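Look at the two complexes coming up: chain A is in both, with chain B in one and chain C in the other.
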Partner chain A sequence: MANRTIPRLLQTPAVVLLLFWMLIPLGMTLFFSFIRYVLNNLRNPHWTSPSIENWRGFGNYQFVWGQDSFWLAMKNSLVIVTSILFLTVILGVLIAVLINRSFKGRGIVRVLLISPFFVMPAVNGVLWINMILDPVLGLQGIAVGAINDLQNAPLVGWFFSLWPTLEPISFRATQTSSIAVIMMVVWQWTPFAILIFMTSLQSEDQQQKEAAVLDGASTWSQFRFLTLPHLGRPIAIVVMIQAIFHLSLYAEIEIVSRGNGNKNLPYYIGELVNNNIGAASAAGIFAVILANIVAIFLLRMVGKTLME
Partner chain B sequence: MGRIQLKAVQKKFGDVEVIPPLDLTIEDGEFAVFVGPSGCGKSTLLRMIAGLEELTSGQVEIDGKDMTLAPPSTRGLAMVFQSYALYPHMTVRKNIAFPLRMEKMDPAEIEKRVAVAAKSLNLTDYLDRKPGQLSGGQRQRVAIGRAIVREPSAFLFDEPLSNLDAALRVGMRLEISELHKRLENTMIYVTHDQVEAMTMADKIVVLQAGVIEQVGSPLELYNAPRNKFVGGFIGSPKMNQLEGEAAKKRGCTTIGMRPEHISVSPDSGEFKGTVGVAEQLGSDTFFHVHVEGHEETVTVRQSGQVNYGYGDTIYFTPEEDRVHKFGPDGLRVE
Partner chain C sequence: MAIVATQSKLGKIVWPVLAWTVALLFFFPIFWMILTSFKTDADAVKPEFLFRFTPTLENYTNMTDNYDYWRFATNSIITSVSATLFTLFVAVPCAYAMAFNPSRGTKDILMWMLSTKMLPAAAVLYPMIFLTKSLGIYDTKFLIVMVLSLINLPIAIWMLFTYFKDIPKDIIEAGQMDGLTTWGEVKEILVPLAWGGIASTALLIFIFCWNEAYWTVRLTTTEAATLSKLIEGNRAPEGLFFGRLSAVSTAAVGPIIVLGWFSQKQLVQGLTFGAVK
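Right, the complex of A and B next:
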């Protein structure tokens, strides 16, 4: 057996660096989550600096656990992430299959399809909420206005008068703000899914498809029995990568409604950090646990498809 | 039933004519082999019969019915591909059952047919494996199984043995011939290997650049090649083709002599040459002989183990009644 001391020695700096890189922030978060630590408190000024003397035990955890807004954030996180995953995968598969054939201007279409991915999240949020979804000035407002105006149009006006007048939807409102976030993130991330699925589709064996044609498989059967299983692996990868990214969504939520009605975990923690570092750290630990549960679940899924 | 008739079929890719108009009839129950060098259009022709490639003009008739525009699955043909084209995420059982499932056949009947096909191909123990867990020969058998469950009127094989190693190829060759004897179906088999063509075919179709050079039984092609190309392509080792003095003497431009129809002597004969490489096979010996005035070496086959070494001078004479004569246009002259 070869001597492994030297390789291990050479790896050590990287491993040590990584260890500190992760352990120090995690350790500090853990420490803060067990003490009283607030940035501004006139009655108890000794709480404003981190110290072991301010030990609070599981008090911060109990505080966070008991807050309705924490559970709302938890729920929102899961709703937003799963809806985005669901929509991007379905749209991604459909569009990838659609553009995976030769037609005029395919190169341009592909570049245009990928381009949303290069827009910064904050810009994406501003674009959507002001220019598209705004109930008065955005495309939505204009479109709704135009449809309502049809009721006064000559000749066809009577037909449109049969329907009730449309009301534009305010996407900054509590009930709808997370829908706005989902829409804009889906718009931004579908290209990522398309990109991955498209490369995978190009590696699909054409002889298999010809064999299926001879076996009497319809286009739908070919998609269902050949293309979809072929895409299993890339779908798992897209789901995993996107789940990791979207659990930490922040910019879009800040821009749409400052967290009104669509706070997710990072946003909730961000608000606590304004003053109560201890509680924020406890919430952070909960977020770490949630992320780990999701990660284990996803890694299992990806691992299973890779094993096949 | 499976009589396939091609009437003036033609194929162009853009401006390039891959197959000039061509007529061919394959009788019911016949084992026809399309053979030719790479790029001669044999696979394209097969794909045109299968319906995977559109015809530029002409007609494909199967059992007297015009199938030129019929979709592939309605033609009653089954195809075995060079890459096997198995469905990788399905088990062997599902692979074989796939065409029947697409026909919406009764599951019990599917099960029965798959079992019969698997048994006849020795695949019963592998039914629950996936193609990735099988060897090349087994995958090939699954591909054949997927073809036979449909009970097609004709089988199309597109270079099915090219991806197998030499030993396996011989075995599979026998199995396919065996299958043909048993099923008595029409089979069309595409290969670039003339040994496969000779051993399996009832009828060989030799193609070059999309043109049929000759159609006939293996022995017809061997005994009376219609032109220089067929002469050189059929038979192994290759036929020696000499021009010049010897040809003129026999009243033609080129003579063809097969390596096995040449006798050798150490002291006298029609041609004199020096031995180059000698290939000892045990049962036979192939000499590559350099003859003065000819660029290419002449291959001579001697039965058994004959000891002429590198650089030895030998004399050889072709068997006169087995010399093939070709005219200036490359065609055979009698």
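Right, the complex of A and C next:
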């Protein structure tokens, strides 16, 4: 008997804590999503506190569903997450294959490559949008200025004046800020993909590879038929872990998109929370549904390999 | 070690050069931040001082006056260390029980725990603000420690579980034969054997806590504000303060990057839950 009780007892605190953490706030969100609950409302002061009397049914859901900014946020969330996944996996595989050989300073190369992963998201955002991407004072502005100045340079100036003058891009604008966010996150998470793919490549069957070389297989077909299948499982894991982190991407969006129309789902909800709690909660439930669809899909894909 | 079987002479030069170029490109933004932190605010935005400038330490010596850096840094240290310890305190027994006395439900519990990580934080933002304000714990270090622990608990349990799973069960059973209590088993057998795994879990959780930027920003104002909050609050200096902002950013991420260098090998096993070794 004691054999079963003690292990259960040891698991209880973790399970209970996570259960509370999940159920209580989520239950409240669910409740708020069905009532009228607006923090600043002078005409209807009874809406400013949560009460079952203010039942609104699916009204909040209809309101959110009908808002253009909700769909824009939804679209942005998906575009940002998919682009990041796509770019980090491709870059990760290429760079991992590139450094998976012995050369001078390989240890230092590894250390340099992994560093961006440990930069805190807030610093990542502030650093890129100001010091690097600022159209006037950042490196981008300085670089564009320098290239344009080449038109006045002696000897080669005629060549550069054949080209149109470059305009620096403002990455704080609505149209471009997603690109800035994608750039930042790809910079931060490609190192993670590299690290995992590289570890996996080290367990690749070398004899098989040597046999392929003897059979006259080209570098490309070695990569295509041996390396890539070997990386299947690590790629699935990288996709899953990144999806977990990027669906709730916040700091970078907050830093880049403050004051423009480019929002993702967490940021859109964050704005509603300032006033319309009912709508924010309905949007939150939509976010949960989206995350669940992604989660079921990913856990099916990866879950089995994890438990082996 | 992986060595491509045949390497042409050209390949011996081209590939390393390419690898170094990629590595330097990736590191460049960090290098740029560190470099800018040694320039005065005025020099930092002038193209003529791009690489040649008179280095100054004033951004670092004025960090307390400019940003009250140490108040935020102290909060970051206190909350991250406490949250890491509390997470381990809850996660170690749980992972121990799951690894050595698995029941039929263990797999499902582990999967469910991982799925709580997928719950979007934004969905429960208002309830968290509402609850913590009514309980009077909004903007307290206690709250931040609890939230950081809860969001990292699933990852900690998974990591520890994969480390513990590799320990032969016979050793634990031998301990039971010798009449060790459960606590004795943990103390005498598990902790010494899995010390490396526990340490790297702690390191990774600490890094995650330090870098967390959703709850630490939304659930604090002044009292419990961490470095993430400080940096986020200075998101748009409009070029006026590039030097001092770079200095405070460098101070905020420097120690963690160095810690990260030491943990990179364990990071792979930990973050992929042992699926990639």
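As a working rule, the second predicted complex is superposed on the first by the 281 of 308 C-alpha atoms of A that agree within 3 Å, B and C clash if a C-alpha of one lies under 4 Å from a C-alpha of the other, contacts with A are read in each partner's own complex, and residues count from 1 in each chain.
The definition used in the following text is that a residue touches a chain if its C-beta (ideal position, glycine included) is under 8 Å from a C-beta of that chain, and two chains touch if they have at least 3 such contacts.
The model shown is predicted, which means the values in this text are computed figures rather than measured ones.
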Exercise for review: Sticking to the clash and touch definitions up top, decide whether chain B and chain C on chain A clash or fit.
Suggested key: fit
Check your understanding: Looking at the overlay, what does A:301 touch: chain B (first), chain C (second), both, or neither?
Key -> neither
Review point. Is A:232 contacted by the first partner chain B, the second partner chain C, both or neither?
Key: first
Practice item. Once the structures are superposed on A, label A:79 by its partner contacts, choosing first (chain B), second (chain C), both or neither. Key: neither
Exercise for review: Considering only the touch criterion stated at the top, classify A:169 as touching first (chain B), second (chain C), both, or neither.
Suggested key: neither
Revision key, fill the gap. Chain A contact check, chain B vs chain C, more residues touched by chain C
Exercise for review: Based on the superposed arrangement, let me know which partner A:213 touches: chain B (first), chain C (second), both, or neither?
Suggested key: both
Check your understanding: Is A:38 in contact with chain B, with chain C, with both, or with neither (first, second, both, neither)?
Key -> neither
Exercise for review: State whether A:98 touches chain B only (first), chain C only (second), both chains, or neither.
Suggested key: second
Check your understanding: On the overlay, how many Å separate the closest CA atoms of chain B and chain C?
Key -> 7
Point to revise | Where chain A meets both chain C and chain B, residue numbers | key: 210, 213, 308
Revision key, fill the gap. Listed in rising order, the residues of chain C that touch chain A in the complex are 1-7, 12, 15-16, 18-20, 22-24, 26-27, 29-30, 32-33, 36, 45, 47, 50, 90-91, 93-94, 96-98, 100-101, 103, 107, 109-111, 113-131, 149-150, 153-154, 157, 182, 207, 210-211, 213-214, 217-218, 227-229, 231-232, 234-237, 239, 242, 245-246, 249, 252-253, 256-257, 259-261, 264, 267-268, 271-273, 275-277
**Study point:** Footprint of chain C on chain A - complex, ascending
**Key:** 3-4, 6-8, 10-11, 13-15, 17-18, 21-22, 24-26, 28-29, 32, 95, 98-106, 108-123, 125-132, 134, 136-139, 142, 145-146, 187, 190-192, 195-196, 199-204, 206, 209-210, 213, 233-234, 237, 241, 244, 247-248, 250-251, 254-255, 258, 265-267, 269-270, 273, 277, 280-281, 284-285, 287-288, 290-292, 294-295, 299, 303, 305-308
Practice item. In the complex, go through chain B and note every residue touching chain A. Key: 50-52, 71-73, 77-79, 81-83, 85-90, 98-99, 102-103, 130, 146, 150
Point to revise | Residues of chain A touching chain B in the complex | key: 205, 207-208, 210-218, 221, 225-226, 229-230, 232, 308
